[in-house]
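A, B, C and D are the chain letters, set down in written order, and residue numbers restart from 1 in every chain.
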Amino acid sequence: MQAFSQILLVLIALFSFYALGNSSLIGCIRIIALQGMCLGILPLLIDRQGFGIQILLIASGMFILKGFLIPRVLSYAIREVKIRREMEPLIGYNSSLLIGAFLIGISFLLAARLPLPDNIRTSLLVPVSLSVLMMGMLMMIVRVKAVTQVIGYLMFENGIYLFGLAISYQAPWLIEMGVLLDVFVAVFVMGIVINHIARAFDSINTENLTNLGD
Amino acid sequence: METLIFAPKILFLILFMPPMMLGLIAKTKAFVAGRRGAPVFQPLHDTIKLLGKGVVYSETSGWVFRLGPVLSLSAVLMAASLVPLFGAPLISFNGDAILFIYLFALARFVTILAALDTGSSFEGMGASREAAFSSYAEPALILIFASLAVHCGNLSLKQMFSPGQRSFPAPSVLLAGSGLLIVLLAENSRIPVDDPNTHLELTMIHEVMVLDHSGPDLAFILYGAQLKLMLMGVLWIRLLSPRLASNAFFLTLSLCGLAIFIGVIESSMARLRLIRVPQLLIAAVCLAAFGLILAAR
Amino acid sequence: MIYPWSLPGAVFHLGIDSLSAAFLFLVLVVGFCAGIYGEGYLSASSNHIAKAPARFFFAALIVSMAFLVCARNAVLFLVCWEIMALSAFGLVSLEHQKEDVRKAGKLYLLCTHTGSLCLLTGFAFLWKNAGSFEFGALLAAKPLSMFERVSVFWLFLIGFGMKAGFWPLHIWLQEAHPAAPSHASAAMSGIMIEMGLYGLLRFFSILGPVSISTSVFLMVLGLFTALFGIAFAAMQRDFKRLLAYSSIENIGIILAAAGLGCYGLARGDFSLSLLGFSAAILHTLNHGFFKSLMFLSAGAVYLATGTRDIESCGGLQKIMPRVAALTAVGSLAICGLPPLNGFTGEWLLYCGFLQMDYRREIIFFSLAAAMLSLIGGFAVITFTKFYGLIFLGKPHSKSAQKAKEPSSLMLIPMGILAALCLLIGLFPGWALKAAFFAASNISHPTPLLFSADLQKWSALLDLVGLMGALLWILIAIFWAIKKTSLKKRPTEAGATWACGFTSPTPRMQYTGSSYSMPATRTFDGFLIQKESRAPNGYWPKSSSFHSRVPDPALETWLPKLLSPFEGLIAWPKKIQRGKLQFYLLYAAAFLIAILIWKL
Amino acid sequence: MIYLCLVGIPALMGLSSLLVKNDDWRPWILPLGFSIHLSLVIACWKTIPTPSPLGWFGLDEAGLIVLSLSSAMLLVFSIYCLEYLRLRKERPNRLFTASLAFILSAASLVCVSRQMGLLWVGMEALTLASAPLIYFNHNQRSLEATWKYLMMGSLGIGLALLGTFFLALATPANAVKSDPLVIDSLILHARILSLPWLKGAFIFLLVGYGTKMGLSPLHSWKPDAYGEAPGVAGGVLAGVMTSCPFLGILRIFQICSSAGLLEFAQGLLILIGLLSMATAAVFVIGQRDFKRMLAYSSVENMGILVLGVGLGPMGTFFALLHLINNGLTKGALFLSAGNIHRAFGGKTMDHARGALGRVPISAALFLLGFIAITGSPPFASFVSEFGILRSALDSGHFGAAFGFVIFLAAVFIGMATTVLSVVYGTPQEKSDKAAQGDSPFMVLPPIILMSAVLFLGLWLPHWLTHALKRSANALNGVL
C-alpha cells in the first residue's frame, strides 16, 4: 500500500511535469485525464480505514469526473478550432520545465516548514500536491491558448484535491461532493466561454483578449 | 485750555503761514536766479482771488470731482488739529500719529479720484504717480514715528515731539530728520521729486492732477497743499529740536528758515527722472530704519 | 443646547460664547443682505443661472456657517464645515457650462478637501489625547506631547489656512470667487474665508500658547500674505479677481493681528494678546462688511455691463449713481481710511505693533508697522483704480453705455452694509467691546486687566470716532462755504482740458494697467507676462499688446511640486496592460512571496 | 429551517425564472421573492435564530449584517432591473434574472454557514453565478472581461479551498472528534491548533478570498469586469460580491485572533490594505473611463476595509460600518453611472460630458455618490473613514494613518477630475444610442440607496451600533 501510494504520487507529479513540456492540446487533455484517474485511485490506497462506502463514492466520482467528463467537455470546447497544438507560448518549453523544477524545490521547502499531519503515512503528499498546484499555475501563466490555461487550472485543482485527500478521513463527504460539483461546473462554464471565444475571434488565442486595460 | 489762549497766534499760523512759506520759497528761487520775483504774499492773494471766482466743470466729471477738494482740505485741516505747533495741539491722544498719516492718505485718495473723474489721460498719469510714490513715502514716515515712539512709549504726536526727546546732535535724530526731509519734499511735490512750476504736463505729478480744478475748488486745493507743507515742516523742526518751537515767534522764524532752505535746495538741483524717485524714497525708508535701530539701542 | 447624537463620538452640542456671537452676527447680517440681494440678482440675470440650486446652496452655506460657529463638538464642527465647503462648491460651479468656471470649481473642491483631510487628522490627534470630541474636554485634556502639538498645529494651520487663503494656500481663492455669482462670492469672501480664521482662533485657545518664534512666524506669514495679495490685486484687470486678491490681503492682515495676539500670549502679556486678538476680530467684522459690499456692487456692475474687465467699464457714476455712491463708501472703507470702519481695525493693529513700553523686538515690530502702511498705500492704488476706472471718466465701451441702475432689491442690502461701515466708523467703541469680549475667550486675561484695557482702548477708539464725526462736520462746513461762494457766480461746463488736444475720445483715457504700472513696475519681468507685436515698417500691420499676471503659486510652483509625482504614477500603470497571464503571475508571485516570508 | 428558507427561496426563484418562458414578466419574479427574503432577514434581526445541530449553520452579527446588506441591495437592484431589462429587449434575460436569484441564494449560504467548507461552496457558487451578469452584453469586450474574471476567480477560489484544507489540518487529528471546519468548535479549541497550518490557512484564504474581494495585487480582473458589465451588474459585484469574501476573511481572522496569531494576521491585513489603497490611487488618477474608475474606487474601499480590521477592535467596528456604507454608495454610483452610460452611449470622459444637462437626476446622484464615497460629511462614509483614521492613530500606527490620508487625498483628486468632467459642462449633440432623459424607475433605486447613505451619515441606529460593536469585539477576541 505504502509503496503504491508513493509511486502513484510521483507519477502524478511527473504527469504534470510532462504536460508542462507537451505542446499538443490533445496530448495535454489526455495527460490531465490520466492524472485525474490516478487521483481517483489514490484515496483507496492512502486512506487509513480500508474501503469505506464514502471513500468509494468519492473515489468513483473523482474517477469518472476527472478521468472522463471533464476531458470530454474540453475536447468538445476545442472542436471548432482548427489549431491542435500550442504554438509560441510566452515562455519556451525547456525554460518552463526548468521553472517547474524550481517550483518543485520551493514546494518541498515550504512543505518542510509544515508539521506532518499525523494521519498521513506518506511524507510525499504535501510537497507533491503543492508542486502540482504550482505547476498548474505556471501552466496558466505561460500558455496563451485558452484551453491550455483551462488545463493548467485543472492541474492546479488536482493539486488542491490531492491535498484534500489528507483530510478525507474527517471532512464530511457532502463537502467533498460539493467541491467536486463546483469544480465540474467551473470547468463546464469555462468550456462554454472558450466556445464563445472561439466563435467570437475564430481562434482560442488569448492574445486576442488584451483589449481592456489602462 | 492753553490752546484757547494761543488761539489768535495759532489762527495766524494756520491761515497765513502756509501761503507765506510758498511765497518765500519762490522768492528765494528768484533771488538765487537773480530775478526779483513775485512778492511773498502772492500765493495768499491768488488763493483769496480764486475763492472769489466762478468755476468751470468738465462735463465728464461728476459729484466726486466737486466733492474732492472739499474732502481733501478738511482732511488736512483735521490733521492740522493734531499737530503741536508751539504749544499743545488742539486734539491729542495716544495713537493720533497713525490718524495723522491716514488723514493725508484720505486727502490723497479723494484728490486722485477727482483727477480720474475728469477722464483726462494726463490727470490719470499724475494720479498714478502720486499714488505710487506716496505709497513708498508712508512707510518712511511710520518708521520715523516709531523711532520717536521708542522713548515716550506713546503714539501721540504731542508726546513724540515734546521737548525732553533726544534732539539735534543725536545721530538717530539726524538720520530720522534727513528721512523726514525727503518725505516732506516728496509729499509736497517739491524738487527733486516733482517740479511744481514746470510747463510740461507730462513730467508733473501733483500739479497735473489738479489741472481741471478752478475757482474755490482750486483755492481749497492750493491752500490744502500749502498747509500740508507747513505741517510737515513743523514736525521736521520739532524733530530736530523741540526748543525751536517753544513759542510762536521762534516757530515762525524757523518755518521761514525752512522755506528758504527748501528754496535753496530747489534752485541748487534739478528734478530726478521719474524712474529714480522710488529709489530716493526707499533711501528715505532706509535712513528712517537706521535711525530707528540707533534709537532702539 | 445639548442633544444626543448617535454618530460615534458626536454630540449635537451648540453653545454661544462671545467669540461665536461675534462671528454669528457677521454671518447672519452678511448672509441676510447677500440673500436678499441674491434674489434680485437671480431674477435680473434671467436665464443662465439655475435658480433653485442657487437658492438651496446659498441657504445651506449660511445655515451651515451659523451652526459652525456655535458648534461645541468636533464632529458637529466637521460636519458643518464640510457642508459649508460643499455648498460653496455648488455655488461656484453653478454656471458650469463655462470652461473657466469648471476649472475654478474643481480647483476649489480639491483644495478644500485637502484642507478638510488635514482637519480630520488634526482632530483625530486631539481626540487621541482627550478621548472625546467635546470642546470642553479638548480644553481640559492633558497637554499634548511635542510631536502631537507640532503636527496638530501644522495640520490646523494648513487645514484652516486653506480655507482662509493664506499664502501660498490661496491658489483656489482668486479663481473661485470670480466664478461664483456675486452674492455667493460676497458670502464666500465676506464670511466663508473668515471661518478659517474662526477655526484658527478657536483652536489657538485649545492648543494653548504657541512659542514666540511661532507667533512671529504667523505675523510674518500674515504680512507677506497681505503684501502679496494687495500687490496682485493692484495688477488685476478682472475686477472680481481684484476683489478676491484684496480678500487675501485682508486675511493676511487679520492673521498678522492674530499672530500679535499669540505673541502676547507667548510673552505672558495679556493686554497685548487681548489687543492683537481683538484687532483681528474687529478687522474680521469690518472686512466682512465692506468686502461683501464691494462684491455686491461688483455684481451690480457685472450685471449691468456684462463684463468683468475694468478696462471696458468707466463712467458708470452717471449711469448708476446709487451703486457708485455705495461703492465709494466701500472703497474708502476697504483702504482703511478714516472716518470709516476699515480704519478702526488697522489703527488698533498699528497701536499693537508700536506700543513700545514692553517690546523687545522693536525693530521687527516697527518694520511690521511699516509693511502695514506699505500695504495701505497699495490698497489706495488698487481701489482708486477700481473705483476710478469703473465709475469715473467716460464709458470705455458700448456695454458700459447701455448699463442701468439695479433694482432696489439689490440696492437696499448694499445700503445696509454701507450704513454699517459708516456706523462702525463713527462709533467704533461698540464694535471694539464685542471684539474685546470675543478676544477674551482666546487670551484668558484677569477680569481686572480686561476691564482696564477695555476702558483704555474703547476710550481711544471713541476719540477716533469723534474725529470722524468732526471730519464730517468740517466737510459739511466747507461744502456750505463753496456753495455760498458759488451761488452768485457762474458755473460753466466745458470739455476736459486735454493740454491743447482738441478732440479727446473715451479711448484716450488712462487705462487701469498703466495706472497701476508705476507701483507694480518693481514686479515687472518676473510676475507680469507681456506679449506684444510692435508696429514696424512704413505701413505697419495691426499691432497688439497684451499682458497677464499669472499667480506664481498656482501656475509655476504647484506644477513644479506635482511633476515628480506624475512620474511616480505613470510608472506602475504599466502593470495593467490587459494580459491575463501577467495578472495571474502577479497573484502567484504575491502568494509565493508571502508564503516564503510569513509561513 | 429558517436557514433552509434563506438559501432555498432564492434558489427556487432562480429555477423558476429559468423555467418561465416570457421575457416580459420574468423580471417581476425577482422583486417578489427578494422582498420575501428581506422580510425573513428582518425577522432574523428580531430574534437571532439558534445555530443548527451540527453547527454548520448559524447567524452571528457580522453574518447578519452582510446578509441584510445583500438582501436589501438585491431587492433594490431587482426593482431597477424591471425597467432596465425592458429597455434591453434585444437581449434574452433568462440567464440574467436567474443568476441574480442564484447570487442571493449563494450569498445567503455564505452568510449563514458556520462551516468553512460550506462557506467555500457558497463562495464558489457566487463566483460562477455572477459570470453571466458580466457576459450580459455578449460582445467581445464583455467576453474578454468574463474570461479574465473566470480565470482569476477560479484561481482565487482554488487557493481558498487549499486554505480551507490547511485549516482542517490545523486541528490535531485525534484531539477533537468533531468536524474540523466548524468555526465555533475551532474557536473553542483555538489554543490547541497547530500554528504553522493555521498561518498557511490564513495566507491562502486571504489571497483566495482577497482575489474575490479585489485586493491589490489580485484586483486585476476588477476594472475589466466592472467596466464591461451593465451598471446594475457592477452594483451587484461591488455591493454583494465583495462583502461575502470579506466575511470569509473575517471568519478566518477571528479564528487566528483567538488562536493568538493576532499580530501576524493584523500585519498582513494592514500591508495588503495600504497596498490596495495605493494601487487604487495610482490608477484612479487620470482614469478616463468612469466605470473603471468606480472599479478602482472599489479596490480602494476594500483596502480600507481590511486596513480597518487590521487596526484592532475599533478599526473593525468602523470597517464593518464602512462595509455597509461602501455597499450602498457603490450601488447608487453604479446605477447612476449606468444611466449616464446609456444616455451618452459611452463610458469615457470623451463621450460623456455635461451629463447634468441630459440626465440631471442621475448626474446629480453620481456627483453626490462621489462626494459620499470619498468620505465627506454628511454622508456615512465620513463616519467610518474618520473612525478608521482615529483607530490608526489610537493604535499607534502613525505610518498607516499617514498613508491612509495621503491615498484618500490622491483618490479624491483622481475621481474628482473624472466625475466633474462627466457631470459638468455642455453635452455635445446627441449620439444615436442616447436614451431619453431620466426614467423614474431607473432613478428611484439609486435615490433610495443615496438617501440611506445620507441617513446613516446623520444618524446611526442604536441596534446597528450594538451589532457592530458586538461583532467587532468578537472578531478581535475581546469578548
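Just a few scattered comments:
Note that a contact is a pair of C-beta atoms (placed from the backbone, for glycine too) under 8 Å apart; a residue touches a chain by one contact, two chains touch by 3 or more.
Only a predicted model underlies this, so the values are computations on that prediction, with no experimental measurement involved.
Using mean Cα coordinates as chain centres, the one most removed from chain D is B. Chain pair with the most C-beta contact pairs: B-C. Annotation: 44 Å between the Cα-based centres of chain C and chain D. Averaged Cα coordinates give chain B a centre that lies 78 Å from the centre of chain D. One simple way to say how far apart two chains are is to compare their mean CA positions; for chain A and chain C this gives 70 Å. Between the CA-based centres of chain A and chain D the separation comes to 30 Å, rounded to the whole angstrom. Of all residues in chain C, those that touch two or more other chains are 573, 576, 578, 580, 584, 595, 599.
Among the residues of chain D, those touching two or more other chains are numbered 147-148, 151, 155, 196, 200, 223-224, 283. Of all residues in chain B, none touches 2 or more other chains. Under the contact rule stated at the top, the pairs of chains that touch are A-C, A-D, B-C, C-D. Taken together, the chain C residues at the contact with chain A in this complex read 573, 576-581, 584-585, 588, 592, 595-596, 599.
Chain D meets chain C in the complex at residues 147-148, 151-152, 155-156, 159, 196, 199-200, 203-204, 207, 211, 217-218, 220-221, 223-224, 264, 268, 279, 282-283, 285-286, 318, 354, 356, 371, 374, 376-378, 382-383, 386-387, 389-390, 393-394, 401, 405, 408-409, 412-413, 416-417, 420-421, 424-426, 458-462, 465. Considering their complex, residues 90, 106, 109-110, 113-114, 134, 137-138, 140-144, 149, 206, 209-214 of chain A touch chain C.
Contact residues of chain C toward chain B in the complex are 314-315, 317-318, 321, 324, 328, 332, 335-338, 343, 347, 350-351, 354-357, 362-363, 366-367, 369-374, 376-378, 380-381, 384, 387-389, 391-394, 460, 463-464, 467, 470-471, 474-475, 477-479, 481-482, 485-486, 489-499, 504, 506, 508-510, 514-519, 522.
Put simply, chain B touches chain C in their complex at residues 51-64, 67, 70-71, 73-75, 77-78, 81, 91, 93-95, 98-99, 101-103, 105-106, 108-109, 112-113, 116-125, 127-129, 131-136, 138-143, 145-147, 149-151, 153, 155, 201, 211-212, 215-217, 220, 274, 278, 285, 289, 292-293, 296.
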